[in-house]
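So, here come the structures, one by one.
Shared chain: chain A. Partners: chain B in the first complex, chain C in the second.
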Partner chain A sequence: MSRLLSRLRATYGDDVLGLMAFLLLAVVGFSLATPKFLSAANFDSMAFQLPVLGLLTLAMLAPIISGGLNLAIIFTANISGLTLAAILNYYGGVDAPFWAFLVGTGAALLVGAFFGFLMGVVIAYVGAHPILVSLAMMIFLRGLGEFLTRGGDISGFPDYLKPIGHGFILGVPVPLIIFAVVAFAMHVLLSHTRHGFSVYMIGSNIDATRYSGVHTQRTLTLIYTISGLLCAIAGILMLTRFNSVRVGHGEALLLVTVLACFLGGVDPFGGFGRVVPVVLALVILQVLSSGLNLLGANQHLSTAVWGLFLIAVMILRFVAGRVRERFEKRRN
Partner chain B sequence: MALDTPGAALTPAISFRHVSKVFGGVHALDDVDFEVMPGEVHCLAGENGCGKSTLIKIITGVYTPELGVEMAFFGRRVASVTPNIARQNGIAVIWQDLALFPEMSVAENIAFETLLGNLPRLVSYRSLRARSAAILETLGEDIDLDARLNTLPIAQRQIVAIARALISDAKLIFMDEPTASLTQSETDSLLGVVRKLAARGVSVVFVSHRLAEVLDIADRVTVLRDGKLVGVFEAEGMTQSRLTELMTGKTFGAEVAARDMTGAPAVLEVEGLSRHGEFEDVSLTVHKGEVVGLTGLIGAGRSELGHALFGMTRPDTGAIRLLGRALHLRSNRDAVAEGIAYVSEDRLSLGLVQPQAIADNIVLPILSRISRRTGLISPTEKAGRVEHWLRELSIKAGQPGDPVSTLSGGNQQRVVLAKWLATNPRVLILDSPTVGVDVGARAGIFRIIRVLAEKGLAILMISDEVPEVYFNADRVLHMAGGRIRGEYDPRKVTLKELEAAVYG
Partner chain C sequence: MKKFSTVLAGAALAVAFAFGAQAQDKPTMGIVVKIGGIPWFNAMETGIKETGAQLGVDATMIGPTSADPALQVRAIEDLIAKGVDVIGVVPNDEAALEPVLAKARAAGIKVVSHEGPGIQNKDWDFELASVKGFGETHAELLAQAMGGKGEYAVFVGSLTVPLHNAWADAAIAYLKDKYPGMALIGERYGVAESVDDSRKTTLDLMAAHPNLKGILAFGSQGPIGAGRAIEERRMIGKFFVLGPFSPGQGRKLVKSGAILGGFMWNPAEAGRVFVRIGKMLAEGTPITDGMTIEGLGEVHPDMATHNIITDNLIPINKDTVDELADLGL
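Our next item is the complex of A and B:
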């Protein structure tokens, strides 16, 4: 048993195991509390809700690892969704042909990547702080979006979009498949490519990284471009899920994405953080919120529980660090 | 040991006897005696890990020593020391990072402790300024009281830290590597301040790697090695090499290693290189297998020249040629691609990514070479290179995955060398290669440099320590005021002559 544990620790790391234990605890707790928790309906509903937050969190992840932040994720997603909606509307709204969707999707991805690229260029070449740049971009995009939509909704999309937001492939919800593919791609990008390697190094010390011959400006630009691209995917998924686009949709998720990153063990000061624990953290947040919902708790209460949970995790990490220190001291 | 110091007849300011400290079964300190007289400048010498900081922390009440210790401040025995007791007895420490408040003014920094109180009360900025000004005046220093601390050069921040200690009536000040980031003239003026303190009866305990200044300023030297007391020595009559032997327990033969390599093909040629305000009309040649030493005071433009050769800055005029081909470096990436490597003098913030793994630091400059065509990094290729260089430079590391910051200065410098050697360079520029490296570990670094030169690498070694270039370079260039002032062959001049030329 202990050998199995140490092998698991070596493969996945302490952070992942700790989160797994938390997840198990939450799942067992909720299934004892209500029989509805372990039902297929509940799993489907969680699987449909998770991906939007998940994609936005992945968009937040690499900027944080690089020592920055992207506060513009929600409005980048909204603007990308708007782009798709506008193109669909232009070609007939409900009756828009499928190629219009393809063109719109391409345009939406381009728009998201473009605004990310713009932020990246300013951060990398001007040297402005990411918080300021992305805050400015967030306000700009919100203003632009509200100006273009006059604060209203755009809705009325063709029926063939429904399966993307609500359908199944081989019994798996389509949004979950999209999220899984993107999460895997981000995992490979961050953990196994030159770009990812440089992201971690930049997060710890950008000057030393530049002195080592890494093109830090290009890397930073790419980080925010990819972040914008992920926002666009989230924006398209939001459109198909809610069958409408409004600027400000999902605004409350902004800080939740930061919370999910820190819950997943990402270092707030940059340099460290991995996709797998962050995804686990997302699942835990979803389980907490769905479970409380099934128990009849108020939606706002589950938000409060998320916050408490993060505080609890911080304290536990602190205690675990202390215990480990003691343990190692004694072993010496 | 006979004491001829001025305070010998008095009671010691501090007297700690039979100090031991055990961490997890390891003796960090083993029955050490330490005594400082009032008004004495005392140097605490020893390699990293010899127990210097542990001793300071025991005297200032941070650590509790093992039983059997005898402690006294100004002749009064105490049973135990807490940080408060130490402060009440006038013991102050100025750590290397100074622990000041960068965003606050000079006056606020100096009078900081008088601002602390349990109850809220109004702060009289006028009396605060007056007291700060008075203290600075006794030190003979003129610093703008309203300047924000982070706008001051490091040397003036040191003075502020000293003033802060004095305002709370410090009678004994520990200074931890106070000159590590100072230029020669700043160091001289700091040493002047230390002498003033001593004249006023304040004792100063100096912890420094720079043996020359230690011997220049100190009355006595206490040497520690591996947690044990080697002895207490008069600074008068002590030599650097003797002190090195005492600290390391080894003898180092200081022999000029110079060979004539000017017959070998030229690898790096610099002609008439200028950059406004940094260096002017610099011409030099480094041949295959040659170690060229470039020395001069800080501010002479040596490091700036190094930066330009590494493509970090662009020279205004002049040419850089590599194997006869003119280079136009737009960034350091071009320089790396051409086979120029640069070991920065600032290992902490520019040389290594301290929090990241040893292995990752080694492969950082060669990411493209360990990647497959898809852009994916090959784990086997990476592990192979890391293992090769750890072995080649005999780097003592726990695990390649451990953070670089866990290594000693000497081993960190080997990691820096490893990462640049991994790029397979033709030219290696070393900027102050032994900064923050223990005396004992320095010899190892120079041995590596020698082996690299023998393998045909062209090496430009920048250093402000004249003996370093004198003993380890094949030719020595002297730089001052941004220009090359002279060229010396270590086999034809004495160290004294060279030092006179550089410092004179």
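Our next item is the complex of A and C:
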């Protein structure tokens, strides 16, 4: 038994087990409180809500691990979405042919990656702090978007887009599949590639990393380019979910993505953090928000519960760290 | 670590049970509004609760923490999962809600909207003010105060707010047609979302146009700012400012006469109407031309667009401002 536990710990880490335990408790708690929680309808609802926030959180993840932040994710996503929307509209809106969607998607991904790349270059080569650079980019993209759309929305897209935002494949919502694929790719990228290793090293100590021969500037540029690419995917998904794009869609999600990263054990000073616990944290946030909504709780209360949850997790981690330290001292 | 999690889960459970104990069998209704925790929607919630208790409808209001359509979509998804009978919505962005409302209707849920006449996937939309009625009522009041002659200017919240501009269009067209003695100066000024800008623009316009006698400000801060300018210049009684504004914020200015008044619709009444129409839909009562719905009066629904547009404006003036302000509006 203890061997099993230590094996589980070795494979998944303390943070994952702790979050799993909390998730289990939250699920049990809500299903006792309302029979509707464990219903197919509620799982559907959660599965359709999670992916947009999830993709944006993944876009936030690598920059935070590298010791930075990307405040421009929402507006990068929306600018990419607008690119696709504009191209679809140009080729007939509701009647746009499928190839227009493919071209538009390609263009949207390019636009997202381009603005990420631009940020990355400034951060890497000018040496400005990522918070400032991405803040500037956020304001720029927002202004650009508002200017181009005059604050309005573009809506009315072909019917074949519906399955992407609302359909199922083998009973699994399509947005969830997209999210799972991207999350898996990010997991592999961060934990099994050279680039991933460099990301962690840069977050721990950028100077030491540079002296050990890693091309830190190239790595930083790539981090933000990939972040921009993920934003574009989120933007395309939002377009298919809402059948409309506007610069301000999803603005409220920006800080929630940061919250999800920290809940998932990402070090705010960089260097540490993994995809799996972050995904778990996202699931927990979704369970808390959907559960409280099912019970008819005030929305501000669910936000408050999210905040409390983060504080509780911070305290738990601190206490757990102390306890472990003491054990190890005693053993020596 | 374990102990802490247990305590946390216990707390979550306690919260859960506190909100979980609710009766079944009544029709259930969830109303998603633009944003929670602001006076306008607090008043609407009062109306919803009150009428829900009266008519035996389990009606709750959901106010997202920010005015973001993405949050409204999330809230509606949860309502579908909850299996309510009726969903009510005051949209932040009509187009963004279409897919999720289509999903709700496919699940057999009735949809009622307010301030969203363009929504396609709904059973009914109801309005307490028509664009034309709102603009013209303000215009008429201005014309009467100015005696049907003199120059006036129009403020809007911003040049990109479609509703404000539609009100302004209606008001200007009405005055042009009915009161040829009145002249509009300038185009229209997009300052009415800022007290400061409205005040400054009013002072500038007064200096530049000695015959200017009135300002029609569509945008919640416009009448306040213009009213302050009138007070500063001691033009009370000679210069007329009117437009919709928050009674609590403008109470003093209305009492001193710096703001002549304006019109608004009552959010609490909108909440009551939400529940009344929701109950009718849940019970399968059809809405027909000429029927009377409490709060809307006799209705003439547009059967093609499924909109019920009425003019139930309440005046904000010296006599009514206290009562409205006490509602927290």
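Basically, the second predicted complex is superposed on the first by the 332 of 332 C-alpha atoms of A that agree within 3 Å, B and C clash if a C-alpha of one lies under 4 Å from a C-alpha of the other, contacts with A are read in each partner's own complex, and residues count from 1 in each chain.
Definition applied: contacts are C-beta pairs under 8 Å (C-beta built on N, C-alpha and C of every residue); 3 or more make two chains touch, one makes a residue touch a chain.
For clarity, every value in this text was computed on a predicted model and none was experimentally measured.
K.L.:
Let's test your reading of the overlay: on chain A, do chain B and chain C clash or fit side by side?
P.N.:
In the arrangement built by aligning on chain A, the partners chain C and chain B fit side by side.
K.L.:
I'd like to know which partner A:201 touches here: chain B for first, chain C for second, both or neither.
P.N.:
A:201: touches chain B, not chain C.
K.L.:
Considering only touches as defined above, state whether A:155 meets chain B (first), chain C (second), both or neither.
P.N.:
A:155 sits against chain C, while chain B stays out of touch.
K.L.:
Between chain B (first) and chain C (second), which, if any, makes contact with A:306: first, second, both or neither?
P.N.:
neither
K.L.:
First (chain B), second (chain C), both or neither: which does A:212 touch?
P.N.:
In the superposition, A:212 touches chain B alone.
K.L.:
So, does A:30 touch the first partner chain B, the second partner chain C, both, or neither?
P.N.:
In the superposition, A:30 touches chain C alone.
K.L.:
Tell me which touches more residues of chain A here: chain C or chain B.
P.N.:
Counting residues of chain A touched by each partner, the higher count goes to C.
K.L.:
With the two structures laid over each other on chain A, which partner does A:44 touch: chain B (first), chain C (second), both, or neither?
P.N.:
A:44: touches chain C, not chain B.
K.L.:
On the A-aligned overlay, A:179 touches which partner chain: chain B = first, chain C = second, or both, or neither?
P.N.:
Neither: A:179 stays clear of chain B and chain C.
K.L.:
Tell me the angle subtended at the Cα centre of chain A by the Cα centres of chain B and chain C, rounded to the nearest 10 °.
P.N.:
An angle of 130 degrees, rounded.
K.L.:
Which partner chains sit in contact with A:224 here, chain B, chain C, both or neither? Use first/second/both/neither.
P.N.:
Touch partners of A:224: none, neither chain B nor chain C.
K.L.:
Pick out the closest CA atoms of chain B and chain C after fitting on chain A and give their distance in Å.
P.N.:
Between chain B and chain C, the minimum C-alpha distance equals 24 Å.
K.L.:
By the touch definition above, which chain A residues appear in both interfaces, chain B in one complex and chain C in the other?
P.N.:
Residues common to the chain A contacts of chain C and of chain B do not exist here, since the sets are disjoint.
K.L.:
Which residues of chain B touch chain A in the complex?
P.N.:
24-26, 312, 331-333, 335-336, 342, 344, 349-356, 360, 364-365, 367-368, 371, 375-377, 419, 423
K.L.:
Under the definition above, what is the set of chain A residues touching chain B in their complex?
P.N.:
188, 192-195, 197-198, 200-201, 204-205, 207-215, 271-272, 329-330, 332
K.L.:
Considering only the defined contacts, which chain C positions touch chain A in the complex?
P.N.:
Counting only chain C, the residues touching chain A are 1-2, 4-6, 8-9, 12-13, 15-17, 19-20, 22, 30, 36-37, 60, 62-66, 68-71, 73-75, 77-83, 93, 95-99, 103, 107, 160.
K.L.:
Any idea which chain A residues touch chain C in the complex?
P.N.:
Against chain C, the touching part of chain A is residues 18, 21-22, 25-26, 28-30, 32-34, 36, 39, 41-42, 44-46, 48-49, 52, 150-153, 155-156, 162, 165-166, 238, 241-244, 246, 248-253, 288-301, 303, 305, 309, 312, 315-316, 319-320, 323.
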